[in-house]
Every structure is written in C-alpha cells, then in structure tokens.
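Going by the order they are written in, the chains are A, B and C; count residues from 1 in each one.
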Amino acid sequence: MGRYWQEFFLRNGTALALYLLISVACWMLLMIILPQIFMLDFSFRTNVPPPLWGTEAHGYTMEHYQYMVYGSAQSTDSYNFVDLSVFGRTILTAIFVTLIDVALCYPVAYYLAHVASGGWARLMVMALIVPFWVNELLRAFAFKIMFGSTGIINNFLVAIGILDQPFDFIRNGVALYSGLSYAYILLMIFPIYNAVESLDKNQIEAARDLGCPWWRIHWRVVIPHAKPGITSGCTMVFMLTAGALAAPQILGGPSSLWFTQIIYQAFNQAGNWARGSAYAIILLSTSIIFVLCMMKIFKVKLGEIAR
Amino acid sequence: MSADVQLDQVWIQFGDFVAARDVNIHIQEGEFFSFLGPSGCGKTTLLRAVSGFSEPSEGRVLIGGQDMAGIGPNKRPTALIFQNLALFPLMTVWENIAFSLEVKGVGTKERRKKAEELLELIALPGQGEKMVNELSGGQKQRVAIARALAAEPDVLLLDEPLSALDLKLRQHMRTELRAIQQRVGITFIYITHDQGEALTMSDHVAVMSQGIIQQVGDGNTIYDQPETAFVASFVGENNLFKGKVSEISADYALVDTSAGNIRARTSKGKDRLSAGDEAYVFIRPESLKIANASEFDNRIGANIKQQEFEGSFWQVFFDVEGSDRDVKLSTVNDGSTLIHKVGDKVDLGFSADMAIATPAGELAAE
Amino acid sequence: MISDHIRKTFTILFVLGFFAYLFGPLIIMSLTAFNSSAFPRVTPWECFSVEWFQFLGKDAKLIEGLQNSIFIGIGVVVLAVPLGLSGALMLTQVKERVRPWYYTVTISPILVPGVVLGISTLLFWDRVGTMFGASRESVFYNGFFLTIIGQATFISAYTMLVFISRLQRFDRVQEEAALDLGATHVQTFRKILLPFLKPAIASAAVLAFLASFENYNTTVFTIVSESTLTTFLAAKVRHGINPSISALAVVIVALTLFGAALHEVFKRRELAAEKESARIAKGEQVTRRSKNRFITDPAVILIFLVTIAGLGTIYFAGTMGLDECKAAVKAEKQRVVQERVKKREQKSMFQDAGRQALTPVPKGAGAKSRPAPGTSNFQGLFSPDNLEEQAGTKEAEQEQEKTRAAGTEQFQGIFAPQNLEEQSGASEEQQ
C-alpha cells in the first residue's frame, strides 16, 4: 500500500497529488456521503428548532416513520391513509407513466434507428432534443395552458361536439399524467435508440428470411438486444417521475397529490424538518430498491446511465 | 556533453514477476550501445529504469558516475525517444522541438532559432510551422530525435524507434541515426528486437532474454563467438545439433550427436562446458560445404531436400539423420552450378573452428 | 403484403403523432406568447403582439431571479468543473478493485432524487452551522452557498463523465515525454494535459451552467430566502398566469437554437480542419481555408443576419397596427355583448314573470347557483379555474375603466369571459 501512495505522488507531483486527494475527498465526503448520513440521522430525531440541535432535547425517536404509517395521535383512523395513499399513488403512477413511455418510445426509437433513411433519421433525432431545451417548469406550464378550460383541447372537444362544457382535466389528474409522461420522454427514447441502433440490421433481415413474423422479430431479436437501453430508460423515468416536484405543483389537482409535495409541505408549511427528512429517506430508499431490482431482474450494471 | 552509464547489480521486480535479473553493464561514454532481444525480454524495463520512470528494486543506476536513485526523469541528463514517438499533437513542429527549452524558461526568439538549427540537422528545413499530424512517419521520427537532442542530454535512449516504419525507410534511418550519433557525439542506448539494426549500428550489443543479459560484445564477437545457446540461436541463422560432450580440451570439445561426432570450439561464456555435459553444437549455413574429399574436420551424411535460388545466394536444405530440423547451407552464387540434385546423398563438411559448442540451454523462439 | 402496408402506415402515423405530442404543447405555448389576450390562449386569437416580451423585461422579480440564476450558475461551473476533473483523473489512477466502488459513489448523485439532494444539503450545512454556533447571516444558512453546493454535488458527476470520455483518448505517454524533457509536474499539467482538455472543459462548463440554470427540485429546498429564475417561475405559474411566461419560453428556445446553430458551424469547421491536416500529411498541397477566423466565417455571419432580420420582423409585426387591432377586438367584444344583451332583453320582454332571476349576471359567482342542464361536472369546476377567473375579472376591471366613460355600467361583470360563454351557452340552450 505504501508503495502505491509513493507511486501516486511520484506520478503526479506533490501539488497535483494533493489537489486530487483533497478535492475528491471533499466531494465524496462533504457533498455526497455525509449529507445523506446526516439526513438519515435527522429523520430519527425529534423535531426541534435549530438552536436546540445537538442538545439533550434532540433525542432519538421513530415517531416520524411511525407517523407515516399510523398517522398522528389525534386522528381516528387506524392508519395514516392520506400519506400512505399518496405514497402508493405516486409509486403506482410512476410505474404506469414508465410503461406508457416505453410503449411510446420503443416504436419511435426503432423507427428512427432502422426504418427511417439516414438524413431524415438524423434530423429527427436532433429534433427530439429541442423540446427538452425548454425548462421542465415551462413544459408543465404548456400543458396547463393546453388542458385549461379555455385551452385548446377543451375548445377542440367542445367545437366538435364531444363535450358540451369544458372538462376539468386538471382536477382529475389527466393533465398531470400526460404532463409526466411527456416530461422524461427524452430519457427514455435515447437509451433505447442507442441500444437498438447498435443492433446489426442483418440480424433482423436474417430473422425475416427465416419466416419470422414482425412481432416475433421484435420479441426475440430486437428487444433482448435493446434490454440495457430499455432498463436504463425505465430506471431514469421512474426515478424522475417518483421524485418529480415541478409537474405536480403546476399540473396537479387536490386529488393527485404527489409524495414529493408532502415532503415539501413538511418543510415549508408544517415546519417539521425531521418528518420531512424521514419521508425523504423513504423516497430515497424506494428509489434505491427500484434501481437494485431493475439491475437484478434485467441483469444490467450500474454503468448504464449514459447521459 | 556525454556520459557513461553503469548498471550495477540491478534487479527489477513487479510483485512476483522479475523483469530484470542481476544486470551488470557498463556503457562507455559516446558509444552506440544496443540491447537486443525478443519482445518481453526486459529491455524496455531497463530503459525506463535508466531514464527514471521506475526505480530498480535492487542495485544502482549510475550516469556519469552519479547514483540516480530518487532522481526523477525530469532531472536526469537523459532523453527518451518513445516507441510511439509521443509527439505533442497540439503543438507545431518547432514548438515540439523547442519544448525542453520552453520548460527551462528560454525566450521565444532563442527557442525558435535553436529549433531551426535542429531542423537543419534532421534535414527538414523550414517545416517548423506544420502541425505534427501533417508529417509522414519518417518525418515524425526525425522530429522526435530533434526534440530529444534539443534537451542536450548526456545520454539518448531510443525505444525501438524504427519498428513502425517500412523496410526501405528503416534501412535509410539506420544509417542516418548512426550518422547523427557520430556527429553529436553523445551516448546512445538503443533497444530493438531486430538484429540487423543492432549489429550494423552499434559499437556494442547486449543480448537479453527473460530479464537476463546473455552476452555483451561488439557485433563480430556476438556473431562469431556466441557465449550461450540463446545468443547462438537468436543472432543470425544457425544449424543446431544436440548432443553430449565426450571429450573436452581448453578450446575444443568433441560432442556426440545423433548425426555423429562433431568437433567444435567451446563457448567462452560464464558457463563452461565439462565432459559429460549436454551441449548444443551450432554451425552457420555459410560455413557448411559439400565435401568432396576428407579435407574437413567434420563430415555429416545428408540428403538434399530442396534447393532455392535467391539471386546472389543458393539456399540448400538437407535432411540429416537424427536431426528433427532441416539443415541449411548457404553458398554464394559464383557462377559454378551446383552439381547435385534433389534427393542426392552427399556429405556436409565443416571445420571445427566454424562450429561452436555451448552448454544446452534456452533457445530463441522460432 | 397488405398487412405490411397497413403496419407501415400505422407506424408512420404513430411516429408523426409522437412528434406532434412532443412539439404540440410547445408550439401552442409559443403561439400564446404572441397573442395579445391577457390569458394565454390560442383561440380566440386577438392580435399579434410582442407586448408580453416587453412585459418580461419590466418584471423586476424576474430580473432578480435571472441574475441570481446566472450568479449561481457561474458558481456551480467554478466548483463542478475542477471537481469533475479530479474525479476523472482519480478514476484512472485508483486500483482496479476499488474502481467500480469509486465510480458508483461518484455517479450516485445523478440517481438520487433532486429533492433528497436539496434536503440533505440544507440539513447538513445547517447542522454544521449550529455546531460552530454560526449566526443566521453566516454562509451556512445562505441560499446561494447552499444552492451552489447542492447543485454541484450532482453536476460534478456530469462534468466528470465529460472528462472521462475525453481522457480516454489521451495518450498518457505524452506526459512522460514532457517529464523526460525536463518539465515539472505542474508544467506538464499546464502545457500538455490542459490544452488537450480545453474542449472538454468548455463543454463541461456549458453543461454545468445549463444544468444549474434549469434545476428546480434541488434548488427549491436550498435556496431558502432567495429566488432563482426557476423558483420564480414556479411561483408565478401557480399563482398568476399571463403570456409573459410563454414569452420567456420562446426566448429560451430562440437562444438555444441560436447557440446550437453556432455550435454546428463550429463543429463543421473543426472537421474540415482535420481533413485538411490529413491531406497535408499525405503530401498534398492544400490551400488553407480553415484558418480564417470564426467571426468572419460566412455561415456565422449568415446566422447573425437571419437572427437580426427575424427579430426585427417580429418586432415590427407585433407593434405596428397593434393599437388599432386591439381597439377593433374590444369593439367586437362590446358588439357581441350588446347583441346578447339585446337578445336577452327581447326574451325577458316575452317572458317577464318567469325570467326575473336572469337579469344581468353578477360577477363570477352566479355560475355556481345555476348550473346549466346537462353539465353536472361544471359545478365544482371553478376551483382551479379561479385563477382564470381572477385573470378574467382583472381583465374585466381593466375594460371597465375604459368603458366607464362610455356609460356602459349596465354591462358590469358581463365582460368576464366565462360569463360571456355561459351566457352564450345558456342562451343557446334556451333556443
């Protein structure tokens, strides 16, 4: 080991070696690892104002996690249905949105990679990126305009007679789900596109030659090859959707409250930072579990987050 | 300025792997010295130890009499020409050449002047403004040399510099390098696996295999008086007969081989032959003759297998009893046609002085 | 074969539909930026106007948010680029077995939800602050400090990826050559490694700035009492809507397109230069075309000209004749309303007794007390649309100011858009 460090300093010179060590240590410890540990610790402590942090009053407790499941002492429900249902809905919706995105993006990615001719394909790929230069907040806003009662969708539906009066898409969550499906399409389509593009066209030709119907070709040839791309896309979309804050705040109605909004409220309205941390830990754990599951089930390694 | 280089009981080890084993060499100042050996024999490792990129596990490296332990590559009076040249792609040719001056803080005008001088030396006048990727292979080679010379080293180290060039260019560069060395007068340490290069360019050659120095000497000595089986089989072409020493004297030995008894000179290396030892007998193809009368010390029966005409040479291949390899004979095409045909049974003759017997040992790979 | 055809057509339609889904909302939003109506809409289209862009320029809070975003962006670049570089350099030097773990730890911030990063940064530094007993004004509680650190946590991972990719093409032997020629380690770093990394440093910086600029999830927690452009936008979008937000979107897209066009030109020049070098190496004589400066490149000049021309045209289209157009629109609205009132007066004259309740509809709230038949959903619907209503009533108030002089008090409250529609809906029902 000593020889390793000796060589390290020899290869880089003292100045650079120190710079590398200090900056990487700072980044890893002060910015990545310690804050998470502190947050974890915080979530197990009682909620006291900052001046009392670290003092006797700042003791350990499980109350915040218990709160999520059982609710407050004053409530009459046996479980904290509000928070639990919000959590459940967030996760389920995120899964649902992920599936929608796969269904939307896979055909398009395949089309761009193998069917469209070179010039067009390149143009379309570049065109895909353009909407995502616009800030996610503004994109959510665009949906809000579109789905509003005087928005173009309602105007259209009323004009052709399907609806008599403008329909409140926002309150029942349709706007939010559309907005969320839209938000992270880029992160789904590019991994799939890259994966599918690397498939040798000859394999598809060979399968077709052997009499394979088109759906089988996809099922047995293309999709297995594109698996890492699909997995990577699904992971990113799920995590970003579950952890989304802007779209729910802008497009959400009272019946589609998002788990991140509860965390936000805990910090900004209830002033209960400890509970907020506990919920944040729950969100983080869910994300980690999801990533690990995806990696295990689809046998993909962590290096597949090409951005 | 030039300096001598001494490797004193140098061992270089990486974990369990020994790259260089007890190397003791003294390179004279101002000479052209080559390390010759197959890939992986440890010559690059030695070069890096001399230039300062690694420290020997044991032993000392001395340059100009000074122990170089702990002195980094940027402080040693050496300059290294890397196998892939490692020219700086983002700098122009003259900036590359003048780099060693730039890091010393020399002003731009002076650096430019020096670079132009060196460009003259390597026969690329006026090409200073070009970028490196606009040069051909041979031109890059020369720029690398100029860049190293600009640092005014006492010792110039060259790591197989010609291996990437095509044949004609390689031969041309051989003469050029030698000429530059003689003009500039500094010590050159050159490593290669090509014996032609080593023998034609060097004052002395060290033959290496698997981390061990087999022999050090000038070209003639290495060729005519190999000290180990490896040197004999690696340098030039050699016919091999395996056997056992039946008699031995000061300078000669009688070896009992499956092709008969052969009388040969003994090798004069660290290991000497004694009676009863396993020995290898080597005879160069050009030393074999087809014997008419018994004018030779040694005669071996053989069948002509194949005859090849190569313009200035005839190569004749023989089947010899007890030898699993063909025996090769080279003879100059002096107008007299060979009388024999394929399939003829003849006697091969050679004098004892032309054959050499070494202790049995490692052979060069085919 | 026919099924093949059907499938192909379906696929193409699907792809077209996909792109429509992708671009549709944005195109609509961009169009609303040019509509002079006070609420972002495309139909009905009032007048082509650039007033919302001018409105943007006058919004002080927006400017403040913008300045803060830029300040934070620069801070993040200064922090994340060197960190990413060390991260990448260290990666190439750690032992084989450690490497996957090292990589996982440094990449992890990308996968962690942004809100979690924001919260953990906030908590950690506030805790450190209390440990040192620092005051509330100190750096530990400062929104800028926290935001820069919080964002840099994951943005450094992005920059690290950029550097890793660039470093893979670096021949490390060059560094040895430099050392061998007498350079110190610092000189080698400065003269050999950094020039090679220059393009990567540039892209990393741009990437870091853009990622910081558009970040919301993390910033909203770490920014404490300050604001950035994104937090300002979020507040604005939730509480009061007018087309200036759409105008902002248009500006952002235009700037990005402009930047992308320049970037394309830059890349093509590089490619041409490389091709030239290769040909010179082969010994061909080549006239140096790529040595001309970037600014004077004809493509660049063309881009600038088109941009300026485009901007000028839009400006003129949006301001010339605007007042006349607006006056015409207002006149049209008044005319429509007058017609409706006339119609209702006619009806009420016919059905006096039963229609007492139908006289000039009060502001907004009236809709709740009389749901039109067949639209049971309509009743609860006004809650989220309250915002619209507020905007509507604001519009109504503005109009009222202008029309008061004309003595049209009886039309108070009728100008609210919903009421217009509801009126037309209701009167159509009756017919």
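In this text, a contact is a pair of C-beta atoms (placed from the backbone, for glycine too) under 8 Å apart; a residue touches a chain by one contact, two chains touch by 3 or more.
Because the structure is a prediction, the values reported are computed rather than measured.
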{"item": "Closest chain to global C-alpha mean, per-chain Cα centroids", "value": "A"}
{"item": "Two chains sharing the most contacts, counting C-beta pairs only", "value": "A-C"}
{"item": "Where chain B and chain C are represented by their mean Cα positions, the distance between them in whole Å", "value": "68"}
{"item": "Centre-to-centre distance between chain C and chain A (centres being mean Cα positions), rounded to whole Å", "value": "19"}
{"item": "Whole-Å separation of chain centres (CA-atom averages), chain A against chain B", "value": "63"}
{"item": "Residue numbers of chain B (touch at least two other chains)", "value": "72"}
{"item": "Set of chain C residues in contact with two or more other chains", "value": "184"}
{"item": "Residues of chain B defined as touching chain C within the complex", "value": "51-53, 72-75, 78-80, 82, 84, 86-88, 90, 99-100, 102-104, 130-131, 133-136, 147-148, 151"}
{"item": "Residues of chain C defined as touching chain B within the complex", "value": "171, 173-174, 176-184, 187, 191-192, 195-196, 277-278, 280-283"}
{"item": "Residue ranges of chain A in contact with chain C within the complex", "value": "4, 8, 11-16, 19-20, 23-24, 26-28, 31-36, 38-39, 42, 50-51, 53-54, 104, 107-108, 111, 115, 124, 127-128, 130-131, 133-146, 148-152, 155, 164-168, 170-171, 182, 185, 214, 235, 239-240, 242-246, 249-250, 253, 260, 263-264, 267, 273, 276-277, 280, 283-284, 287, 291, 302-303, 305, 307"}
{"item": "Chain A partner contacts - residues on chain C that touch it in the complex", "value": "7, 11, 14-15, 18-19, 21-26, 28-29, 32, 39-43, 82-83, 86-87, 89-90, 93, 95, 100, 103-117, 119-121, 123-124, 126-127, 130-131, 149, 152-153, 156, 158, 161, 184-186, 188-189, 214, 216-217, 220-221, 230, 233-234, 237-238, 241, 245-246, 248-249, 252-253, 256-257, 372, 374-375, 377-378, 380-381, 383-385, 388, 417, 425"}
